[in-house]
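Structures follow.
Below, chain A partners chain B and then partners chain C, in two separate complexes.
Right after this comes the complex of A and B.
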């Protein structure tokens, strides 16, 4: 009954449908890149530099004669999957820490929250840069850097939700009927925080994509020759006078992905609020 | 101590440090809940009834609650048990019915899921077996179409239905003790009557001892076998139900009785004043300031229990040990 209501409410909004369509196109292109891409994204062919769109190269080629469309598809794949990994890890750590400190309280809570305070005391971009500076750029390091900066926000928010949930009467009733702490967390607390968490994660996905692309643009993220949206922007930057499309394509993909995730997050929040009423 | 005692509470005190002082919510409470009997606990709001209930279930933890005394069930004190053993007892040996059924169910789970949860906490059984047992138990508390109720979410049910479901869940493990913390306060009178009569008949069927907490003297008079009157965390008077209602001994009990609405009287007679704040409660009688029968002996009285008739305990200076002689001299 809940599920039916949920989808009914969600699909009633036009913006949601638009953002869902855009996201599924982007996701499809990313997922199917190895199968559908017309060329090898890192195959250099200097005889084909700066080709306009043609049958062979639907979106033209870049300064090294690589197929723009293929690179774009692989870049989307890399950026999105990195962002998803970052969000998943952040959520796992955030949920673990947040529920632990919210539910247990006492010194566990104090320890984790002071740790959060320390991380939150630095501007998150600066901290990310510092961590990447120490670890060096790279796929794994950018994930480590982003996760270690982001988890504190999730931990904080989840702790707050757990704190308010655990004072509810039905938790007391569950304890009175002999439910163990683990079962209470799994069956009574988790379902209460998942909706808000889904909103948070969806809204954040856009932000994380921006972060990854931004860092790659600065040369701190994913390294060439691996195609990545931010890195492609950076590559295209030098040729902005000759061929603007080199920057427009990856920029457009980033824009669409981020805006769609934000819109989706917003409407998820609206739907959950509506359902709660 | 009687053999048929299902739960034996000895000298239970609960306090909570608040700022510089100590909030004494329950002070040296002792009573027995006997199998198949109903012990009524009456008292005004904030006198420590609910805290007593939670303490009996071992549910007061965190925030620095300090608990002294013993709550024995099946020969073991629940405060001496490991957390896991205590959890096993909850719901199986001692169950609880909450005050407000609307908030005691998780809005995201169906009634059936609540049932299955409690049953699977204590028995190895499949969800199907649990559902069968649930239907049998719900039928016993007079729920029409129990199978349909199991599929409903709490917000789709009326308060009376939920309270019945809660009673059925609480009694499904056949606990030795059922703690009913104001089970009918949020329900209307017809439902209250039905719920109470189910409770009364179920205790015989399940051999359960019930602690019935209420601030409704009428409910207590009708249901209980024995009554304890609570005031500011003390049990000021405890007696079999007829004895207590026929010969209330403590001035507070008498004042309570006088403040009940009655057929003949037009105006209610309230108890003057307010109960004293519970923090930094000294050992003196907390009712002293509101009492119409204060005497000189009240000043030295330190809430020692006295006995005014067999089985009739009173905590009042007039009945304190050593005072009996003076009383009989006066008479």
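Right after this comes the complex of A and C.
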């Protein structure tokens, strides 16, 4: 019943539909990049520099004669998958620490929460930059840096949710009837926090995409020649006088992705709140 | 109030200690030997003998705990070490670039206030009107635009196409307009939304109903009763944003070739100039913590409920 209501409510909103459509187009372009891209994204063809859109190159070519559309498709693929990896790892660590902390309490809780306090004392972008600064630029390192800064926020929120669930009667009943801690967490606590986490993760995905592309824009993230949206923008900036489309396309993809993730997250949250009432 | 202040400051001590430990440890996670990085930047061939000598000079041969204590002792005397690249004290270098960043952040704060206060206010006053919808659209799009993209679009339109403003660099007040607006945009959008929500929540309160029932003019109700209460949560967020803006200026500074701390730190990251990165982390985090503390104090001064809680 809940599921049916949920989708019914969700799909009744016009903005949700729009964001879902945009997201599926972006996701489709990203996933199908290796199969549908018209050209090899890193194939340099100097005779085709700065071509306007044509039948052969639907979005034109860049300064090295590479196909813009193919590069955008692969860049979307890279940016989105990196963002997904970051969010998944963040959630896993956040759930582990948060439930452990909230369910156990005591010194474990104290230890983790003080650690969170300390990490949160840094402005998050600064800590990310510093970790990358120490580890050096690169794909793996930005994932490490972003995850090690973000998990604390999830751990905090999840701990709070677990704390409030722990005192509820159905959990007390489960415990009184001798259910093991692990089973209680898996069967009774997780279902209670997953929906809220889904909202959080959706809302955060947009932010993570912006972070990744921002770091790549600075040259700290995904390294060329791998196409990435922020790195493409960085490449395009030198040609702002001759060909503005080089920087407009990747920015537009980032904007659309972030807007739709935010819209989707907002409507998910609204629907959950409505259903709870 | 004094008690609250004391409590807050005492609470900060373990946090600051933790911050220093993390900043210190991070350098030791480096995959490259700092001694080798030092020699490379100083253009000295990294022979075994030179590396050993540098390790002794940088104190890397001592146990970690001893290294931390000596490092902390120096940091407390404001000695953050010497840049590998320029051989100048790191703190001096960063303080040299800091004013430019503060100027940029300050100008952005003005933009944020100038945009979000009126938009949030009128948006909630005329809820569900065309104006409100426009403000909400602005709040939504503005928060989703990557700042480096906004920067380039602004450069293209205002500097290259219309030739109104300088493209890059720092100098006259005109140079400040585009970078500060770029930095401000997403915050202005967020605050428009936040203020609108906060105002609408307060408009639902019974004291508003009471004030209206007493026949107080609507403008006074809004100005004196609602706005004051609505601004409180916005203020806390604002304090946090100030710190994020100082850090977020990294991207904007790189877009506009603004000679601030952010640009300097990015070049240091590429140079593997670890003392600079370390000092940058400590300096910005200290500013961040100090700003948040000030906001807390201001909050306590304005809102008596918090003051009561603290003591």
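Quick note on the criterion: the second predicted complex is superposed on the first by the 277 of 277 C-alpha atoms of A that agree within 3 Å, B and C clash if a C-alpha of one lies under 4 Å from a C-alpha of the other, contacts with A are read in each partner's own complex, and residues count from 1 in each chain.
Throughout what follows, a residue touches a chain if its C-beta (ideal position, glycine included) is under 8 Å from a C-beta of that chain, and two chains touch if they have at least 3 such contacts.
The structure presented is a predicted model; accordingly, all values stated were derived computationally and were not measured.
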| item | value |
| --- | --- |
| Contacts of A:221 with chain B and chain C, given as first, second, both or neither | neither |
| Touched partner set for A:188, first chain B, second chain C, both or neither | first |
| Contacts of A:118 with chain B and chain C, given as first, second, both or neither | second |
| Which superposed partner A:60 touches (first chain B, second chain C, both, neither) | neither |
| Touched partner set for A:265, first chain B, second chain C, both or neither | neither |
| Contacts of A:174 with chain B and chain C, given as first, second, both or neither | first |
| Which of chain B and chain C A:41 touches, first, second, both or neither | neither |
| Touched partner set for A:105, first chain B, second chain C, both or neither | first |
| Winner by number of chain A residues touched, once chain B and chain C are compared | C |
| Contact residues of chain A, present in both the chain B and the chain C interface | none |
| Chain C - residues contacting chain A, complex | 14-16, 18-19, 21-23, 26-27, 29-32, 140-141, 143-149, 152-153, 155-156, 160, 243-244, 246-248, 250-251, 254-255, 265-266, 268-270, 272, 274, 277-278, 280-281, 284-285, 288-289 |
| Chain A-touching residues of chain B, taken from the complex the two chains share | 57, 59, 62, 84, 87-92, 95-96, 98, 100, 103-109, 117-118, 121-122, 153, 166, 169-170 |
| Residues of chain A touching chain B in the complex | 1, 105-106, 168-170, 172-180, 183, 187-188, 191-192 |
| Contacting residues of chain A [partner chain C, same complex] | 114-115, 117-119, 121-127, 129-137, 206, 210, 213-214, 217-220, 230, 233-234, 237, 240-241, 244, 247-248, 250-251, 254-255, 258-259, 262-263 |
